[in-house]
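See below for the structure under consideration.
Chain lettering (A, B and C) follows the sequence in which the chains are written, and residue indices restart at 1 in each chain.
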Amino acid sequence: MENLISMRNLGVDKINSLIELAENIESGKVKSDMTGKVMGALFFEPSTRTQLSFETAMKRLGGEVITMSGTKGSSLEKGETLSDTVKIINQYSDIIVMRHPLEGAAKYVSECVDIPVVNAGDGANQHPTQSMLDLYSIHKTQKSLDNLKVCLLGDLRYGRTVHSLSFALGAFNPEFYFVSPEILNMPSYILDELDDLGIKYTQTDSLDNIVDDLDILYVTRIQKERFTDPEDYEKVKSSYVITPEILSNVKDNFKILHPLPRVDEISVEVDKLKCAYYFQQAKNGVYMRQAIITKLMEKCA
Amino acid sequence: MENLISMRNLGVDKINSLIELAENIESGKVKSDMTGKVMGALFFEPSTRTQLSFETAMKRLGGEVITMSGTKGSSLEKGETLSDTVKIINQYSDIIVMRHPLEGAAKYVSECVDIPVVNAGDGANQHPTQSMLDLYSIHKTQKSLDNLKVCLLGDLRYGRTVHSLSFALGAFNPEFYFVSPEILNMPSYILDELDDLGIKYTQTDSLDNIVDDLDILYVTRIQKERFTDPEDYEKVKSSYVITPEILSNVKDNFKILHPLPRVDEISVEVDKLKCAYYFQQAKNGVYMRQAIITKLMEKCA
Amino acid sequence: MENLISMRNLGVDKINSLIELAENIESGKVKSDMTGKVMGALFFEPSTRTQLSFETAMKRLGGEVITMSGTKGSSLEKGETLSDTVKIINQYSDIIVMRHPLEGAAKYVSECVDIPVVNAGDGANQHPTQSMLDLYSIHKTQKSLDNLKVCLLGDLRYGRTVHSLSFALGAFNPEFYFVSPEILNMPSYILDELDDLGIKYTQTDSLDNIVDDLDILYVTRIQKERFTDPEDYEKVKSSYVITPEILSNVKDNFKILHPLPRVDEISVEVDKLKCAYYFQQAKNGVYMRQAIITKLMEKCA
C-alpha cells in the first residue's frame, strides 16, 4: 500500500489487515510511534470534523501535524498550480492527508509527490477512510464482516458514504436493504454493479418489516434541498426518523451507525439504547486512521 | 474536582490547593506529564489570547491540542446540536476547554460528556480560570490571600472579571474599594452578596486618598460605548488613567493587575515601575492553567 | 546572535556558521532538541507557506508552536498596542517568529521583548531567513559561496528577495547578471551599493549569451500589475520564461532557484532537469530555519 485513494484499490486482504491493525492499536498490542514524523493536512475544502479526527490520530501516535485549511491567502490564489503546492508540502512532511472539492484530485496529487497520500474526500467521489472506519465499526460489533443483513437508509442517491460502503461490503456477501424515498433511490449504476457481483438487495421506501431482521442500520440525513417541492419533503421525512418505538424488537447484535452530523433523523432518545453506536463509530475513526497512517508509513521507515 | 465551570463551585480548600499546585509546577517541584493526552479546545466564540494561554499550558506539559475556533464551516452550521458536537470531541480528546457566547453553555456541555470540562468563558457569566490566575498572582505577590486591601477600578458594572474576583476573594476577609464612574458602579446584587458575607467595601468615584493604603489595584478598561453621551465619557476618562504620579507613595508590596488587553487606562510609563505586574500576571495564567489541567486529569489517570 | 532581523546585521562569519549548522542538522551530525520549548508564530500578515516552513522546522526539532494568524478578532482590534501584544506572547513562548506588513516592525518588536525574534518578513524591507536558505542552497550545490556567476532574473525592482540576496552575496566576490525588462530594473541605490563594494555586474534585458556561463540562475515572477500598459507585459513576458531549450548548454554545476510560488516563469518541463533545484530549495528552508532557531536559542539554554 502506497496511498489510500479509493476503496476500489483495496481488496479483501488489505481491508482485513487494516481492521486487524486498528484492533491492535486500540488494544495497545501494537505500538505505532510517529515521533519526529510530520503529517501535512491539506484541506482545500474545509472539514473541521475530519481534520480533527486525523490530527488526533497522528498526535496520539506522537507525530506532528501542519495544516492548511481553505485556499484563502494561499499561493494557489497567486496562480500557483495544485501540483506545485503539494510538491512543496512534500518537502515539509512525511505523509499528506487531503480533502479537495474536485473528483480525482487525490489521485492526481499522489502522482505529483513521493510520499504517501490519504484521500480524505474528493468531491462526490471517494472518502475511503470513512468507509474503513465504517467497516471497522461493523466488524467490532458483529465480530465479522461476512453474511450480514445491512440496511442503508436515507439519501442513497447523493450519499458518497453509502455508495462507498455498499461497494466495500460487497466483497463480504451481504444482504442489503436500501430504504429511501423514491427520488433518493440508490443510483442504477451502483445497483448494476451489485447485480454483476451477485449481491442480494431489496429496494423499498419503508423500514416496516425490515428492522427486526437487521444486523446493521446505517442512517444518513435526508436534505430538504433535494426535493423540488418542499411539501414532498414534509410528507416523507417522518418515515425516516429513527425512534425507540421502531427498535423495540431488534436483534441483540443490532447496531445503528451514522456518519454524523445528524440533524433529526435519529431521535435523541435512541442515544441511550445499547444499539446506538454512532458516537463510538466516531472514536473508531481515530483508531482506523492511526492504522492507515501506520500502514502507509511502514514503507517509509 | 471533575470540572471547572464556575468559581461558585470552588471552596477555599480547592482554591488553596490549586494555588499550591501552580506554585509547584512553576518551581519545577511537581512534574506534570500530559504526554499522549489531547485537549479539545472549543472556542465557539474566538478568543486568541485565552486560546494561546491554554495551548501553551498543555503543550509545555507534553500534551497535544486540537482546536476548533468559531463555528463557520462546522457541523453546527449544518444543524448539528451543541450536544452532538461535544460528544464527538469527547471521542477524540481527554479534556475539553471551551468558550461560548451563551451563559450556562459550559455547565450544559459538562453534562453531555464524560471527560473534564474547563469553562474558558461563557458569555457574561463566568471565566473561572481568569479568576484563579488573578488569585494566584495576588497570592504570589502578597504571600497570602487573607486580609488584603484590594481596589477594583474601572467598569465594575459589566466586567465579568471583577464580579468573579470580588466573589472569589470574599472568602479571604478582604477590604474592597470599588472605584468607578457612577453609571458603571458594581451591580447591587453583588453588593448584597458581599453584605450577606459581612465583607467591608467602600464605593467611590475617585482613587484619591485610597492608593497609598492598597495592597492590590485591579484595573479594567472603561469602554466609551457604555456611555450614552460621549461627552460624559470624555469628562470621566482621565480620572481613571493610572500614571506614575498617583503611585508615588504606594506601599512596598503594592501591585497593579489588569486582565489585558489594556488601551490607555494604564500609562505605559507605569510599565517600568516595580508595582506593574500585569505582564507577569499573563505568565501566571499559564502555570495556573497547567495546575487546573493537572488536577482535572488526575481522576482520569 | 540575539535576533535575526536583517541580513545587514549578519557578517560573513555568522552566515558561514549558520550554513555549517544547517548542514550538520541536515546530516544528523548535530542533534538540536527543542523539547519543552514553544515558538510563538505571529503572522500579522498571513503567509501560509512561510508559516508551515517554520512550524515544520520547530516541530521536527521536538518543539511546540503557538500561532496567531491575521489580526481579526485579536486584541489589536480592541485597541491594544503591538508592544503589549508581543509582551504577552513573550510570557507564553521562548522565541518569536513574526511577519508584519510594516517595515521595521520586527526590529521594534525585538526591543519590546526579552526573547529572540526572527523576522519572517516586514513589508518590503527584509526577509532574512529566505536569504539564508537561498545562500544555503547555493552553498550546497556549488560547495562554496565564493566567486560565483549569478544571474537574478525577473522583477528586480520590487523583489525583496533579490535585493536581499544581492546584498548577502556581495561579501563573496560574485559576478552578477541582472536581467529584467527596463521598467523592472534593479533600483539604483542597490547598484550604487554594489559599486561601492567593487562588485562586478551586468545589466541587460535578455538572457541570451549569458546562461551557458552561469553557476546560479535565480528566477522571480514578473507580475502583470507592474505594467501600466498590459500590452507591454505581453510583449516582454515570453522573454523571461525559462524552457528546456535555453538550458541546453548549461554548465554541469548550474542550478535554477526560485523563491516560489511560480506561475509560468519556469516551464514545468524544466522540473525534470537536474538543474531544477527550487523544490529542494524549499526543503533546505526547513534545515536553515532549524539552524537559525537553534543558534538563537543557544543563549537561552
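Basically, a residue touches a chain if its C-beta (ideal position, glycine included) is under 8 Å from a C-beta of that chain, and two chains touch if they have at least 3 such contacts.
Please read these numbers as outputs of a predicted model, since none were measured by experiment.
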> Chains shared as neighbours by chain B and chain C?
Replying inline: A
> Do the two copies chain A and chain B share over half of their interface residue numbers, or under half; same or different?
Replying inline: different
> Which whole number of Å gives the spacing of the CA centres of chain A and chain B?
Replying inline: 42
> Which residue numbers or ranges of chain B touch two or more of the other chains?
Replying inline: none
> Okay, in this complex, where on chain C does chain B touch?
Replying inline: 36, 38, 40, 64, 66, 68, 73-75, 78-81, 83-85, 87-93
> Can you list the chain C residues touching chain A in their complex?
Replying inline: 46-49, 52-53, 55-56, 59-60, 62, 260-263, 268, 279-280, 282-283, 286
